[in-house]
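Heads up, there are several structures right after this.
Shared chain: chain A. Partners: chain B in the first complex, chain C in the second.
Coming up: the complex of A and B.
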C-alpha cells in the first residue's frame, strides 16, 4: 500500500468515524436530534454545500482549485429566479446553464490560456458576482410561486427532501465516474503527475476541462436549490462557500496537491461540518452554555486546524517509512 | 555580463508580450490617467487624488505583505480576518472595555501596539503551520480565514463599536504636511519593503525560496525562519490596515472590516507583475497594480457604470495581466 493511499484511507475512515461519533453524541444528548424534522432540515440545507463540494472535490483531485463556486451559485440562483415564471424546469435549466457558462470560461482560461487555476477562478469569482448583481439590480429577486419552482427546494419525494435526493444522485454519479470510468481514473492521474499523464497519451487538458465545467454546473445547481428553498435569487449569497467546500474536501482526506481523493469522504466532510453547527444549536437550546452563532466559524476553523495538522503528521511519518523500504 | 550574453540580448527581436509584461501596468495606468483627464469631469482636482489615494491605501498596505508571502511561493488568505481582529481589539482597548486607562494617549498607543501585535502573532501562527508542519499555505491560512473573523465577532459579540477619539483616528483622518497620514504610512511601507526585497540578504532569500525552495534550503538558507518572518510581516501589515479602516469609519464592525481584502490584495499583486508561483516580485509593481485597479473602478463609477459591472471589468484585467505576463516569460 502506498503512502498516499494509506493517508487517504486513514483520512476517509477518520472522517466517517468522527461523523458517527458526533451523531452518537447528538443522539444521546438531545431529544429530537434524530427526529425526522431535524434530519430533513439538516439534509435540505446542506445539500447545496454538498453539491458545491462535489465539484470542488473533482477539481482538487486534478491538482487545481475553483474559487468561483460561491458566486457561481449566487449567479445560478439569480438566473433561476428570473427564469422561474416560465416553469420549474426552465428555472432549473437556466440556473444550471448559468453555472455551466462560468465553468466553461474557467475551463478555457485554465486549459487553453494556461492561467493558474487559482487566478483564473478568482477572476471568475468577481465576474460571476458582478454579473449576478447586474442581473438582479443589486437586490434579491423573488421567484415565481405559481410555476412550482419552489417545490424543487421545499417539497419531499418519498418522504425525503428533494434537494437531498438531488445531492444523493449527484454523489452516486460522481462515485461511479471517479471509480469506474477512464475519465475518472484520468482525473486522479492528472492530479498525481500531469506530465506523466500527458506522456502516457491521456487527454489531460480534456479531463481538466471537464472538471471545471462540471464544477460550474454543480454550483449552478446549488444556486437553483438556494433560490427555490428561500424563495428568492440572492446575488450576495455564496460568499465563503468556496472555502467551506475546500474545508469539507480537506476534512474528507482529499489532498490539495491532487492525485488522491474520495467522493464519499467528501460527503462525510460536508455532513461533519454541517452537523457540527447543528449540535451547537442544540447545545444552545439546552441552556447549559450559550455560544453565539459566531463561535460556529471559530469551531469550524479549529476543526480544520486539527485535521490538517493530523494529515501533515501522517504524511510526513509516511514518507519516512517509504524511504526505509 | 559576458560578451556573448550581451550580443544575444541585443540581437533578440522586439517581443510585444515581453514588453507588455514589463511595462504593461505602467502604460495602463498612464492611459487611464490620460483618459480621465480628457473625459471625466473634475478629475484634475485634489479631491479626486485624495479619494483615490485614501481608498487604495489599505489595499496597498495589505498587498505589500502579500507580495512578500507570494514571493516565497505562498499565499495568505487570512489577511481580511486579521484586519477584523485588529479592528475589533483596538477600540476595546482605547475605550477601556478591557482595562480602564486614564491617559488617552497611553490608551491609544497601547491599543495600536497590542492590536497590530496580535495580528502579527496570528501571522506568525500561519508561518508556524506552514514551516513546521509543511501544510500548504492556502490550507494553513484558510484556518484563520474561517476562524479569524469568528474570533473578532466573538470578541465584540458581533456588535458595532463606535467611537470618536481624534488621537486614534489621526491615522485615518489626520494629515502630515498636508498629506493624509495613511498615505504617508503606505509610502513608507512600500519604500521599506521594496528596499528590503532588492537590497538586503533577507530579501534575496525570500526570492530564492520562491524560485526553488529545495535549492534554497540546500544552499544554507534558513527556509523555515524566512517563512515565519514573512507571514508575520503579512499579519502585521493586515493589523495596520485594520486600524486605518476603523479610524476612517469612526467605527468597527467585525462582520465587515477587511471583508474580501485577501482577493483585492492578491489581485493587486498579480496585476503588478509579481509571479504568483513565487521567485519574482516587485513591490512598486504591486503599488501600481493596486492603483490601476482602483483607478479603473473610479473611472467606471465616475462615468456612470454601476459598481457590479466594475467587478466584471476587474476580473478581465486580472486575467489579461496574468496572461500577458505568462507569455512574456515564455518568449
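Coming up: the complex of A and C.
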C-alpha cells in the first residue's frame, strides 16, 4: 500500500513539484524572471486561461469535455465590448451572460438530448464562433474607454492585477464547491461511475447540467477580461484555448475519463504551461537560441505527451487494485 | 351494507404485518415481457428470500420497486400507502435501500464518500468531513471492518467493497434493505458477519429482501422465500416448509415426477463415435466463484455443465478459453499440458467459444452475415494483408447451406436475422476455424422453440462428426437429453458426474441442490 500511496502522491503533487522546479530554473537563469513586472504580466495574461481551465476541469471530472470554451470566450469578448458603453458592470454582465447562454445550450444538449459531449460542444464551438463574427461584423470591436470597462483587465487592486484576483476568487470558490458541497462530490462520483451514481440516488443529470452551464459562464468571464485587457472584443481570438485548457487540466492530474481531479492542481497546470511559455520567451531573449512560436508549440506538445503517458502508467497501476480479488 | 369485496379489503388492511406488497406487476422491454403479473410481499422485520433462474425477472422486479424502471401495470403498497417512485433517490428517501448485484460504487472515491454520498453531514452549509468519516467508521465497525475510510475504494479488496455497499444501504435508516446476491464475493467468515448484521436488522424491525443462489444460505437466515420463473411469481413459502429439491424444481419449473418423452431435439446418440479424451481439467480454481472444478471432454462427445446461476459454469469456461487465468489447477488438451494465457492461445489450440451474451460479446449487428462469420478467420484468409474474397465467399456460402441459415444472402446485415439464425452465424464463425472443441454457453437462450430444435440437432450432428462440445445450459432437459456426460457444478465445485443413462432429472437436480452426489441406488429408488 505504501508504494500505492507514493504513486498517488506523485500523481497529485507532481505538477506542483514540476512548477517549483521550473520557477527555480527561471529564477536562477534569468535576471528579471521573478521581477514584479514579469510576475504580474504572466498572471494577468494567464488568468483568462485559468478561468477557462477551471470550467473545463469540472466538465472533465464528470467524464465529459467542453470544446466550445474558446469560441465562447471570443463571443463573450465581443458581446462585452458591444455592451461596454452602457457601463463597466453592464459589459461584464453581458459577456458572462453570453457565456452562460452557450453553457445552457451545451447543458441541454448533453443532459436532455443525450448528445455526446464531444459532438454537442463541437457544434457549439462552431456556432458560438460564427455568432461572434456576425455580431462583430468580422472585425474587432473597440470597447468604450469612458465607462471604465478597461480597468477590469488592466488595473491593479492592492498592487495585484484585477484579472488575477478574479481567477483567485474563482478558484477558491471552485475548491470549496468541489471539496465541501455534495454537488462537488457528485461531480467526481458521476465521472467515476455514472450508473452507480444514479443507483445511489444522486441527481446525475443536474450535476452534469451545472458543470456545462458553469463552464460557459467562466469562458464568458474570460472573454470579458480579454476584451478589457486588449481594449477590443476579439471575434477571432480564443482559437485553441479549449486545447490549452484541456492540456492544463490533464497536466494537473485530472483523468480524462473522469472521476479523479483537483482544482488546485489544475491551477498549477495552467501556471506550469504559462510559465513554460514565459521561460521559452526569456530563453529567446538571451539570444543563445531562437525558438519560433512553432517550436514553442512543439515543445509544449511534447511536454503534454510526457505527462499523459506518465499518467496512463500510474493509473494502470491503480486499476490493478480495482480487480484485486 | 358492506359488499363482500369490502370485507376482503378490510381483511387486507388489517394485516398490519405487511410492509410491502406488489401485485400484478408487468414490465416489457421493447415489447418483450420481462415481468408478467408478478407479485411479491414482505412482512415487517422479515428476511425474505427471492430466487429464480437467470432471466426469471428478479432483478427487474427489484428495479421496478426502486424506481429504476417504470412499471407498465400493477400495484405497489409500501408501509400502508400506495408507492409511486420514479427514481432510486425517491425510493431511498421513502425507506428502501438497495445493494445491487454488481458492486455499484465509485472506485476512485473514498470509502466515506461512497457511504455518505447523497446524505452528507453538513456544517454551515458545507460538508462536515470529520463527522462523515466518524459515521463511516462507526458503520463499518458493525461489520468488524477496520479500514482507513479516507482512502479510495479501489485500494480495498472486493469483500471490503461489498461491506461498504452494505454499510451504505444500512446507513440510510431504511425500512427495507434489498440485497442482490450480497455474498457472492464474500468468504465464509465474512458471510457469517453479514448474517449477524441481517439478524440485527431484523431485530430492529427492518425487513430484508435477500437474493441468492446459494440455497444453504437461505435456510440459515431467511424466514420465507418467493420463487420466480419467466417473469412470474410461481411460489411463496415459509423456509421451513420447503426443501431444497422443492426450491430447485420450482425454479426450473419441473415437477419431480415428470420424466418421459423428449423435450429437445437431441435424439439418442451413437456412443461408439466417442473418442479419446481431448480436454481434461483438474481442480481448477480462481476465486470464490470457481473453487475446485474437474471435468473432461472427449472427441465426439457432448459434455454438459449443469448448475444453478452462480455455480461457476461460465467462469470455468472462461478459464478454459484463456480469458481469465486460474489460480490453481491443471489442464491438458490433446494429451499436452494446456495453459492458455489469452483467448488466441485457445483458438490456436483448436477451440471455439460461443458466449452466453450473443449481443454484447458475439455478433457485430451492423456487419453482414459474411463479415460476421469471417471475423475470427480473417488473419488466416488474408494473403499479405489482402483478404482472399473468393475463398471467403466459398466458406460463407458453404456454412449458410450446412447450418441452414435463413438469410437473403451473405451480404444481409446480421441485425436483421432472427435470434436463432444469429446464433447459427456465430456457430459458423467458429466452425469455419475448424475447431476440435467448441464451448457453447447457453446455445439456445432467447431463441424461439422451432429454431431451438434446429440448433440442438446441429450440435448433435457436429458431435457425430467428431467435434468435442462443452455445453453449458440452464435448461435441465437440454443438458440431460443432450449431453453424453453431465457435470454438476455447485457453488464453484464440480460435485457430481453422470453418464447419459444415470443423468435423470432427479439425480441432477438433487446434486444441484445438495451438492453431494446421490448414489445411483438413491436415484433409482
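Remarks
Note that the second predicted complex is superposed on the first by the 308 of 325 C-alpha atoms of A that agree within 3 Å, B and C clash if a C-alpha of one lies under 4 Å from a C-alpha of the other, contacts with A are read in each partner's own complex, and residues count from 1 in each chain.
Simple rule for what comes next: a residue touches a chain if its C-beta (ideal position, glycine included) is under 8 Å from a C-beta of that chain, and two chains touch if they have at least 3 such contacts.
Small disclaimer: the values here were computed from a predicted structure and weren't measured.
Shared-chain residue A:180: touches chain C; no touch with chain B. In the superposed model, A:295 makes contact with chain B only, not with chain C.
Look at A:147: by the touch rule set out above, it reaches neither chain B nor chain C. Counting the residues of chain A that each partner touches, chain B and chain C differ, and the larger count belongs to B.
In the superposition on chain A, A:203 makes contact with chain C only, while chain B stays out of contact range. Within chain A, not a single residue is touched by chain B in the first complex and by chain C in the second. In the complex of the two chains, the chain A residues touching chain C come out as 1, 4, 8, 176, 179-182, 185-186, 188-189, 192-193, 195-203, 255, 259-260, 318-319, 321-322, 324-325. Partner chain A is touched in their complex by these residues of chain B: 75, 77, 129, 133-136, 138-140, 142-151, 153-154, 157-158, 263, 266-267, 270, 276-277, 306-312, 314-316, 318-319, 322-323, 326.
Chain A meets chain B in the complex at residues 65, 109, 113-116, 118-120, 122-127, 129-134, 138, 240, 243-244, 246-247, 250, 256-257, 292, 294-302, 304-305, 308-309, 311-313, 316. Listing the residues of chain C that touch chain A in their complex gives 68, 87-93, 98, 100, 104-109, 113, 117-118, 120, 126-127, 129, 152, 154-155, 157-158, 168, 185, 287.
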